[in-house]
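All chains are identified by letter, namely A, B, C, D, E and F, in their written order; residue positions are counted from 1 within each chain.
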Amino acid sequence: MRPSGRDLSEMRAVSIETGVTKHAEGSCLIRMGDTHVLCTASLEERVPPFIKGSGQGWVTAEYGMLPRSTSSRMRREATQGKQGGRTVEIQRLIGRALRAGVDRNALGERQITVDCDVIQADGGTRCASITGGWVALRLAVNKLLKAGDIVTDPLISPVAAVSCGVYAGQAVLDLDYPEDSEAGVDGNFILRGDGALIEVQMSAEGSVFSRTQMDSLMGLAEKGVNELVTAQLAAVQR
Amino acid sequence: MRPSGRDLSEMRAVSIETGVTKHAEGSCLIRMGDTHVLCTASLEERVPPFIKGSGQGWVTAEYGMLPRSTSSRMRREATQGKQGGRTVEIQRLIGRALRAGVDRNALGERQITVDCDVIQADGGTRCASITGGWVALRLAVNKLLKAGDIVTDPLISPVAAVSCGVYAGQAVLDLDYPEDSEAGVDGNFILRGDGALIEVQMSAEGSVFSRTQMDSLMGLAEKGVNELVTAQLAAVQR
Amino acid sequence: MRPSGRDLSEMRAVSIETGVTKHAEGSCLIRMGDTHVLCTASLEERVPPFIKGSGQGWVTAEYGMLPRSTSSRMRREATQGKQGGRTVEIQRLIGRALRAGVDRNALGERQITVDCDVIQADGGTRCASITGGWVALRLAVNKLLKAGDIVTDPLISPVAAVSCGVYAGQAVLDLDYPEDSEAGVDGNFILRGDGALIEVQMSAEGSVFSRTQMDSLMGLAEKGVNELVTAQLAAVQR
Amino acid sequence: MRPSGRDLSEMRAVSIETGVTKHAEGSCLIRMGDTHVLCTASLEERVPPFIKGSGQGWVTAEYGMLPRSTSSRMRREATQGKQGGRTVEIQRLIGRALRAGVDRNALGERQITVDCDVIQADGGTRCASITGGWVALRLAVNKLLKAGDIVTDPLISPVAAVSCGVYAGQAVLDLDYPEDSEAGVDGNFILRGDGALIEVQMSAEGSVFSRTQMDSLMGLAEKGVNELVTAQLAAVQR
Amino acid sequence: MRPSGRDLSEMRAVSIETGVTKHAEGSCLIRMGDTHVLCTASLEERVPPFIKGSGQGWVTAEYGMLPRSTSSRMRREATQGKQGGRTVEIQRLIGRALRAGVDRNALGERQITVDCDVIQADGGTRCASITGGWVALRLAVNKLLKAGDIVTDPLISPVAAVSCGVYAGQAVLDLDYPEDSEAGVDGNFILRGDGALIEVQMSAEGSVFSRTQMDSLMGLAEKGVNELVTAQLAAVQR
Amino acid sequence: MRPSGRDLSEMRAVSIETGVTKHAEGSCLIRMGDTHVLCTASLEERVPPFIKGSGQGWVTAEYGMLPRSTSSRMRREATQGKQGGRTVEIQRLIGRALRAGVDRNALGERQITVDCDVIQADGGTRCASITGGWVALRLAVNKLLKAGDIVTDPLISPVAAVSCGVYAGQAVLDLDYPEDSEAGVDGNFILRGDGALIEVQMSAEGSVFSRTQMDSLMGLAEKGVNELVTAQLAAVQR
């Protein structure tokens, strides 16, 4: 029934390749099927003004899509003079999600910026960005721990995200682009490896939904995040 | 336990005054406690390019805060050269929410823009904007029906929104600003009067949350939206 | 002869409601007929760089129109990426006018920003903004005096403004929108309560004018400002 | 008593050199003492959208200052991403002033843009721009008349402007920069050669003013504009 | 003598991987040592206004660097509200270079946009962009030929570019970042496979140069471009 | 053969008038035939952040064209919200060129900004800007030397620039606009008075070029720059 032939609760193939750029403190290329996102974590020994002197650190994120990551070429945001509303919304989400997995006191007064740049898009880029972004963050923090710059690991538990939705009347896991553009309900679920919920967003797109459907989507999401966390941990241990 | 002395499931006093500006096709001033939002609906006999010729209409929204609607003066967005990320996120949400209550074929090829301008803020401005925005929309559509410009009512069911959150470890309904700034979990729930879910957003702010808490918040939201719909219907029938 | 039926030298009904928002140090909603402007005065314990260390204070103003304050919806300036030329011109005028009524040494090194936001427009918004802006300023200064933060009253005399113009060949006082859009000559007069002139602007709009006409308009303006000052003083004493 | 040694009612030396650039339809370099402005009039066979099809023409103006036209270097507006408030205010004034001397029906559906670029500033740049701008406009219109593109002269009467102010307690004509920066009252007067008033702007800068002072300034302005019109007519007849 | 141990006239290892993204009509990832650039060619059946109706096609380019492609993180241009001067200069150069290898009549009225996004930077990104950009362009044009949309091959000869400079007093080929940042003279040479020169830019950076040095650099460039053309042809034939 | 009737190696008439504005530390109006550029040098006792505390000075440049410097009116960059790509490219080139003639240690920690504003354009504005810009710089530095603010002359040798190109198949010196718009190859050559090369840019515009042509253009450029340096030295000694 799904265009890709997947089962209702079947994720796309996930691959996470680490160490893909020589400059960043942490980096990976995450592939969720045909969605490919390059994630880098950049460490800076400064924090935003609003926490200066607090002893706490900060994790933030930026998101972008290469102009031809999509089926028809998009205009480059730098030439438009600003980031679009969708971009701003997504990068705020990524930052908020990653911070929910971080003990900012243990991180100390430094900032890590996670850049998520979509090389090729096929649905679910914000979820792939969060999942891959955590891997880049983990690698950057490992460097700090190894160097003795911090002593307690500030990462509480992995953070991963997956989209679920109602496609052709059925709850399905990990929407790809053909499904996403047809789905009546679309949800993004961000969880920690310890099962805690970080963010739940469910949105009617053309049709509305019921509490029962909400529960089905939530169940699929928990299954999906479990698989992603396994892939994240395998990637960072290589 | 709540700073305002309200019960856990008690809303703030709601008042919706209609017809507050002479130019707009529909308008109201909604007050949720000390949060006051002026909502106007403006009708235009044109639609965005992407639906031109489709026979369908469009409902969109814009959101703004007066510079001194908040406790300390904010910089005016017009002088900053752009709308901030939060503003863009909120106005996209309002538009999406209202459209979920509209039969766009019945509306016909015309656009209604709902402007939500916060006069005074005390938490929950996006929810008040949606709830008041629907009232303005209803009044503008009534004008179209009365004039015979459309024959079938395009409004399926009222749309209303409320925030719930975990404050001091307890699930509470309709957060005001002192609660909102302390809440560990913050959710916005948009429902229709017929009980259908339009949008659910729950977000960890400092702490994470469990599925049990998610269900409690959802339950409070349903109670709150019921009360708001009653207030909406009373306002438009006056 | 006037569309509203008013006499040539008759003002619209003026009402000034104070204390309309809980956050601002001073606020009022001024209504000149169907022109309604919300004015707030915000106090900040800092001054612009060019007077830092001078011991002098600063009063500045910003002006905006809600998108549907006008008969057809205007584009929101925040979405256009900048304030329009008319907006900038008006807010510079308001700030300059109010400063002419302030002893900046007595104010001390602090800044008061007066925001004038037009809720509903029917001609004469810049004049209403100045008149209402002074009331908000007066209330904010009263707070400073009461708190003992300043000892000498820095407000020399009330500041008020009125428009006059040549409509259908006759000099008339306090133009409303139907008159304003037809007037051949349009003037804005800003005076102090002690009779001193602050700013006089007369502008040909389609026709030119003579010195005799200039004198008639000036005479009407003096009458109008007298009435406005009475309304201002009544409002701040309530 | 004046820094320049001029009499109270003495203008600075005026010189108007025409034909200073080969591309523009009309051009001049106007010098009012040390204030030098290059004015060009550019003809285009199109009009702004709001008068398309009306058979009427349009005259508009733009104003700029070279970065080092002033005593200390100003930032270039093109690098700041926008024209400042003062620039916008001035160019709107120039356009409005010139249009008051034009019969837009006789001009026919075409646009003339007058660019006024300040090469060297020493006070009174907006007045010099209007006076020089009219000369450029006259020359461009002459070209149209000569070519037979229009038959009735659309220029009703010359338009010229001068500043007057209260300096050291005395009403003086044609303020230069040292006077302008000290003046308690500053006025700009735009008149036609036939004596009609186009625009009168008087503004308190530090001190306020009386109706008697207003009349003195007006009298000086009439004297000054007479002299300017003589210079304009001499320049265009050369 | 060179930091990398290379001979004076030795290029870095070049690799060109084609078909790296599924959406673009042509794409490659070019690696010049540690400089990695993703190049995509996007075909659109429209041309810029200035050649509409001419029967000629257009080739243009855009350039960007991922924020962490460099040793310390750069600010994302989309968040700065504009492309920097260096970016604009480079993308204009790439477009001009590629057009010099195209018969725009044979291409027909369509546009190909070549996007060059730097994944990892180590000097010479503009040259790598041109060289890789031509490969993407070649592949996109091949698609048009194969589909029969055009009949005559519009690509005259390969276009490739290499940098040369004076490093530690010696003329060297293909500067990497450590050399580039120390070089006294820096040149970029763009040639066609048939030996024709397209663009030569030599620039003093700290020291000046002589005609003899200019000739040495030119000679190295010819050698380098020959090797690049071989790599380009091998890549597109795979 | 040349539209102007000049010999292949004949420059346009050059004139350099100094001291043309009273505010700038150095200024000149350079005329290369009908190309007229006003150049001013502004001294500031501050440097950009990246060299603060280094003891070194900085020379930078900005470039602009008056809207009607060209045959048809161009839009003013200040109204477009940014400097165009061509403008940015040119002003970076001017600054780089002038710095190559400056000993920045001898200049000391101060900045000189050279503004080049094109009054009338007829080809070769960037070269005229560099040549005239050096004269303005020389005069500003002379003032510093005279005042004893610096003791060693920081100007190594004059800097001048000329364009050459292939027009109608022939190498010609100093392209004017009719030649520039037809030229198949266009080059800009920046040299010092001591013969050292600063920047060489040769660009195919429609046709490509050979090394022999490159050498011819270079030879013409050396001849042209010699003549310009003579004119520069004459101008600054007057």
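Annotations
Operating definition for what follows: a residue touches a chain if its C-beta (ideal position, glycine included) is under 8 Å from a C-beta of that chain, and two chains touch if they have at least 3 such contacts.
The structure presented is a predicted model; accordingly, all values stated were derived computationally and were not measured.
The chains that touch both subunit A and subunit F are E.
Looking at subunit A and subunit D, not one chain touches each of them.
Across C-D and A-E, it is A-E that has more C-beta pairs touching. The angle of the rotation carrying subunit B onto subunit C, fitted on C-alpha atoms and rounded to the nearest 5, is 180°.
Taking each chain's centre as the mean of its C-alpha atoms, subunit E lies 28 Å from subunit F.
Computed centre separation for the pair subunit D/subunit F is 33 angstrom, with centres defined by C-alpha atoms. Averaged Cα coordinates give subunit A a centre that lies 51 Å from the centre of subunit C.
Rounded to whole angstrom, the centroid-to-centroid distance between subunit B and subunit F, based on C-alpha atoms, equals 59 Å. For subunit C, the set of residues touching two or more other chains reads 81-82.
Beginning with subunit B and continuing to subunit C, the ring of touching chains reads B, C, D, F, E, A. The touching residues of subunit C, counted against subunit D in their complex, run 82, 85, 88-89, 92, 96, 100, 192, 196-204, 208-211, 214, 218.
Interface residues of subunit D facing subunit F in the complex, by the touch rule stated above, are 21-24, 27, 34, 38, 40, 42, 44, 62, 64, 66-73, 76-83, 87, 113, 115, 117, 119-120.
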